[in-house]
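Chain IDs A, B, C, D and E follow the sequence of writing; residue 1 opens each chain.
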Amino acid sequence: MEGFLNALVVFANFVFIPGLAYGAQLALGALGVTLVFGILRFSNFAHGDLMAFGTMITILVTWWLIGMGVTLGPLPTALLALPVGIIGAVAMALLIDRLVFRFYRKQKSAGIVFVMASVGVMFVLNGIVRLIIGPNDQRFADGERFLVTVRGFREYTGLAEGLAIRLPVAITVIVAVIVVVALFWFLQYSRTGKAMRAYSDNEDLALLSGINPDKVVMVTWIIAAALATIAGVLYGLDKSFRPFTYFQLLLPIFAAAIVGGIGQPLGAIAGGFVVAFSEVTLTYAYKRVLEYLGFQPEGLVQLLSTEYKFAISFVILVLVLLIRPTGIFKGRVL
Amino acid sequence: MSFLIGEAMTGGYGGADILHSCTIAVEKGEIAVIVGPNGAGKSTAMKAMFGMLSLRQGRVMLGDRDITALSPQDRVKAGMGFVPQTSNVFVTMSVQENLEMGAYIRQDDFSDTMAQVFDLFPILKEKRRQPAGELSGGQRQQVAVGRALMTRPSVLMLDEPTAGVSPIVMDELFDRILEVAATGIAILMVEQNARQALAIADRGYVLVQGSNRFTDTGEALLANPEVRASFLGG
Amino acid sequence: MIRVDDLHMHFGGIRAVDGASIEIAKGSITGLIGPNGAGKTTLFNVIAGHYKPSSGTVWLGDEDITGLTPHELFHKGLLRTFQIAHEFSTLTVRENLMMVPDRQPGESLVDVWLRPSKVRAREEEVRARADEVIEFLEISHVADEFAGNLSGGQKKLLELGRTMMVDAKIVFLDEVGAGVNRTLLNTLGDAIIRLNKERGYTFCMIEHDMDFIGRLCDPVIVMAEGKVLIEGSAEEVKADEQVIEAYLGRGLKNRPAKKSKGGSA
Amino acid sequence: QEVKVGIILGFTGPLESITPGMGGSAELALKEVNDSGLFLDGQTLVPVRADSTCIDNAAATAAAERLVTTENVAAIMGADCSGVTIGIVNNVAVPNGVVMVSPSATSPALTDIEDNDYFFRTAPSDARQGEVLTEVIRSYDIDSVAVSYTNNDYGKGFSDSFVAAFEAAGGTVTIAAPHDDGKGDYSAEVGALAAAGGDVLVVLGYVDQGGVGIIRSAVDTGAFDRFALGDGMYGQSLIDAMGDSIEGTIGVIPGAEGEGSAKFAEAAKAAGLDPTSSYTGESYDAAALIALAMQKAGSTDRTAIRDAMLEVANAPGEQIIAADLAKGLQILKDGGDIDYVGATNVELIGPGEAAGTYREYIIENGEFKTVQYR
Amino acid sequence: MSNRERIIYLYGAMAILLVAVGVFQSWTLSLTILNLCLISAIMSLGVNMQWGYAGLFNVGIMGFAALGGLAGVIVSMPPIPGAWSAGGVGIGLSLLALVGTVGIAVFVRGRTSGSVRTLATLAIAVIGYFVIRRFFDPAVSAIESFDAARTGYLGGLGMPIIFSWLVGGVFAAGAAWLVGKIALGLRADYLAIATLGISEIIIAFMRNEEWLTRGVKNVSGLPRPVAYEVQLQQAQWFVDLSTRLGIDPISFSSIYVRLSYALLFAVVLIVLMWLAEKALNSPWGRMMRAIRDNRDAAEAMGKDVTGRHLQIFVLGSAVVGIAGAMLTTLDGQFTPGQYNPLRFTFLIWVMVIVGGSGNNWGAVLGGFLIWFIWVEAEPVGGWLMSVITAGMEPTNPVRLHLADAAPYMRPLLMGVILLVVLRFAPRGLIPERSAMAARK
């Protein structure tokens, strides 16, 4: 029994919780991507850097707040600064749309042109963020880091193995769930949400129904930018902020969005977890777990060496898509 | 001075002009029908009157207001409804949502209108939850018309509403259109089922290569042998 | 020619085609009518290989062609048009037609690179044929326009035109008439009859215009709710109570109020 | 008049967060030389930066080409990552006969590269460090370790040499797994490491790259509570990041007995740089060496610089430490001989190679404590 | 402006840009850029075949380019006898085992059916896997531990590196065929994720299968297809020549070498371009565009859509592979670490779209222009920064901050230029022919 519990704890500590954390972080990012794709019908490569931008502003404000001696006690101060960050990101997003994407909408350009434009935007944001805050690691997490620490857990349960739950992770997971439900409800049932879907379905007909395209686009960017900032900040709180990492997050985020069914809020969540868990579970060495379960494996019992974790997550995606070509939730064609 | 009138409209899609000083008008409570060969410019004329392509010359009047400069969505607010000829439903949205979108600009409770649409097109009630993209050709057409009816417009413009619908549905559609007209709404439609259409039309236009060839009452046009021969298939 | 045995096509819960069995005689022009949503187009799509049927078989002559891909069927001489026009929007009207003929040497890169003369020769023939069709459909003035820019009816004409680019055994026409000007439609009717008589094409056409059906088709098959209702000559069908109930109807209820306002001629 | 010195580092790309410090240190050295006013009777050194991107060979070559043929630099300090460094050496430096001194390219491949003696480096190759680190860890009689190395030629080569040495010394390496820099999440890697077990986790990576990510993840999950670090992991930012959770961590960095490194640290701090960030000392030395070699050669002729390089870097001669360049310049001016020790105790054993002593440190109550030099 | 005019003007402008670099910076630099422009052009030509002709969304370009690069190593490096004797046999056996497994599997599948078949295949696969590992693992560790610091891999075939260009094409084509078999004929985003995945897998493979690729330790010192500068500088005839031309031997040597590269690359580009143009303007091209426009209709008109997709996908990838091999040749080394999606996938996409997808001339121009910007953005950015800060006095903190930030002007500028170009040529600099152009 004890052995079993230990095995369970080990598994939870090294596979389940990390997977959950990473999954939720990806999901939040994927939500923004999937929304922009769903409504504006292009994959926004600037999303990673928009995340970085929003986070950067939040960080600057956080520092200022801490400087002023304002904190949130156990909770990270960044949460106080978050709204400002969101406003900044939204402003930036709307500005970009005004300067870049609107033109192509009027032109009725092909989706791929939007994508390339977004690559251009990505470069620009890339530069701006580094110009302002530089390329270095920035840490802005204060307050409690752990809900449950390994040591605490051991002492409490008296098990040989420990378990840690980080506060940012908990927040991330909760936020992710809330946001998804909210977004899903909004798109599915609210008047504006329906208008947005109508717009993405058939622009001309939307006009004929008296839907104001500019409003739809604006709302989309506002939500997307807000999501990007939230995702970025929560991620930064858990790990740390470095512009380059945020750019690197782009690929797994896209993977998550697509596998979940592009354009589907619920899919983004599912996709995020699929990617995260396939990375962690397939490359984890199950030696310890099995030992606790009374086996005596001679090797590490590692299905795949960690070098392949990123690649393998894609294999999984392909498999998923083989079984469900439209993604986990029926998404639309890219 | 008609309620809705496109006067001497000239313009096209950027390339050569499609319309050549073509004039279309319709009165409140009246049904006007446009017929003509394929590619004559009927749909273009409709789009022009709805502000979906820019005119080089001519103007569009609604009531006694010049709406030439208005954007399509503003014309909707001004009380115009339009059913395009192609891609006229939201394929990814359910039938019901399609109808709701029709009523987008309405703030009041439109459940009664929806009920009316449903008993006009019973099949739609059955399929209300199904994505419009999965409907049959004729069913789509019914959704499209239903969508336009939801706006409760003062002018209703229909581009070949009966293309691909079964005879019985066509009859009911025309019945309904007559009723709608009777309530004082101006109705302008393009039709290739020209004979049935002209039969209920107060006024008919024959367009050829972007300009008016004949303009007369429905019966008159039906009676006119030349028109019959070259446009109504004998 | 074509035989369909107890065909079922279900989309989730929806039984689009629900046990239809039809037979299309060689050399006939068979009409297929029925209420909207009766399953006509779906039936076409199954026969033409776009859907795999949930159950049932399709025979071409005495060959089982169930589940063959559309292009395989094309090679067997089975063509179809689409109810909602499927033009190649960035190809010109002429190119739309020219791409149709099968086994063009120009479609193999080896020939393109090594035997240009051979390719050119065939191109000429194909172009000539395309121009004939364009003439016939009265769309010469848009021959070099992108098909995407055509008017609704013109697109339908193009659909028909593509089937005229090759010598088909059997052609399935899904509402070519819808949105086509009636006068032109009559000419098309004549053409169909001519193709049928002279070239021995077999036709199966979905239509809602009863005059057109009456003029061309014998026999006429009536579908409703995914099943075959009845089959017979146009007259029989028109007279049939069920058909009137489900499909034809009894004309307008409220006669148009005669007003004596008239425009000027 | 002005003498240009190229500084080519990956200012954008995976290493972008450590290169500013490196570039700064190099420029610090040049500035010091200029301020002394002793350099080649009043000429001044002008740094010219170029971006090696660290990974994009083609772009790096083009950038270097620009430095050499357009900016006409007398010598180049750089590049950072071994891949681009090799590319530049082969396609630009050697063909044009320009001296290149890399502060951080540690790949053995550079040892026997066809370089006509134009390539030098101030970072010792990994082979030696592996042994030193082994000694250190064994001295705490730890005999089973897990290794996580950054997945590039530096990490790989380092890990190879370390594992060999450690096992030769009778220890056991439970697992040696790579980690990619700049990735979003390292729980998979740490999971594997934890499962393999071991008394300490040996991290051979970069302090502000994946390396710290691994450590954070390991600490969070309680997988390891003791760490041993390679030179790339030394840096104040590590302590700032991890706080007291890495008390007792041991490690080595190239560094000399005596005040050289300390002096450099002061100077760097004064100039607003973080002296503990990766490869800053090496960068300073690389630039200093170039300047001194010019002084020795008495000209800015590219070949002359090459020939003077070893003489100023090695004994015999008066030892010159960091922040004391003026003295060296003076001696050389008077035709004397110097042995540049600099910030990291440079010793060039033949072109392309550097030997060095290492400083063993332990982290105690939040700061690096020097234990001894090896 | 008709496309022909555009082609003339824009290519002219591009030439002027390169000449300007030659005049104001240096000819060696100009040629260095040109060489990469040529390679990029070939890559974007390959991508244009897939996207521009057939609308296939391939975001795995990086992988195919890397395969080409690998060919460079396998073809040109000398074999390592020690490594071979250490593990050659093992590798050979494991290969045999692999072939055997597949063979048996196929055989069994032929004989069985239904659930039996799947079970049997699975069983064979599993057994095969262990058999293979049985030979493979020891062999690999033997090879990798053989003089790890210098070699630690099998080496290559020691043939002239030129051949690797062909082989690279073949490698890429093979991989493309595999991916196509699984992923083609389905939704666009499906292909996207599959290609993205496969490219990541290829790179992971190359970074970690050291016995074959030497992994992150890189393979440097690949033989060159052209002369070495240093040798030239020593060769008497060359020195004479340069003195006659009045250029100093050193810079002339690098110019000479780069010119010879440029020549080789140009030949390849021209040949490919000719083939591509012929193909695009033939009935084949027409068919491809038809498929791109409307799969269902094309299928109904008797075109084997999946087959054709596979064909073009393989061809396009092969072209990318060739370019990849050429790049490795030019670098003179193979560094798996350098392959990252931004540089090797998305940048190429930018080239295609900015140049004008569906139009070979456009794609090639895009390759030239975008690479040029990619490289020149850095000096220009730095210069801009110095202009901006010129006004402030040297101690101004803002100035100091900006001075340090100069490198980041590069992405900024890159982005801005990209956006500007896209803004004024939304359909690409040399767009696919328009309806007007189509009128004969």
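In this section, contacts are C-beta pairs under 8 Å (C-beta built on N, C-alpha and C of every residue); 3 or more make two chains touch, one makes a residue touch a chain.
Just so it is clear, the structure is predicted and the values come from calculations on it, not from any experiment.
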*Which neighbours do subunit A and subunit C have in common?*
B, E
*Look at all chain centres (mean of CA atoms) and spot the one farthest from the centre of subunit C.*
D
*Which one of the chains is farthest from subunit B, going by Cα centres?*
D
*asked:* Looking at chain pairs D-E and A-B, which one is connected by more C-beta pairs in contact?
replied: D-E
*subunit B to subunit D: how many Å between their CA centres?*
76
*For subunit C and subunit E, let me know how many angstrom lie between their CA-based centres, rounded off.*
46
*Can you check how far apart subunit B and subunit C are, centre to centre, with Cα atoms defining each centre and the answer in Å?*
27
*Mind pulling the subunit A residues that touch 2 or more other chains?*
130, 134-135, 305, 307, 310
*Could you check subunit B for residues that touch two or more other chains and list them?*
none
*For subunit D, residues contacting two or more additional chains*: 12, 16, 20, 151, 178
*asked:* By the document's touch rule, what are all the touching chain pairs in this structure?
replied: A-B, A-D, A-E, B-C, C-E, D-E
_In the complex with subunit E, residue positions of subunit D that touch it_ = 11-12, 16, 20, 24, 49-51, 55-59, 61-63, 65-66, 69-70, 81-83, 86-87, 90-91, 94-97, 107-109, 112-114, 116, 127, 151-153, 155-157, 160-161, 178
*If you look only at subunit A, which of its residues touch subunit D in the complex?*
13-15, 18-19, 21-22, 25-26, 130, 134-137, 139, 149-151, 162, 164, 166, 235, 239-240, 242, 244-245, 248-249, 252, 276, 279-280, 283-289, 300, 302, 305-307, 309-310
*Which part of subunit E faces subunit A closely enough to touch in the complex?*
51, 57, 182-183, 186-190, 192-194, 196-198, 200-201, 203-205, 207-208, 341-342, 346, 349-350, 353-354, 357, 402, 404-405, 408-416, 418-419, 422-423, 426-427
_Contact set on subunit A toward subunit B in their complex_ = 191, 194-195, 197-198, 201-202, 204-213, 332
*In the complex with subunit C, residue positions of subunit E that touch it*: 275, 278-279, 282-284, 286-287, 289-290, 292-294, 296-305, 432, 435, 438-440
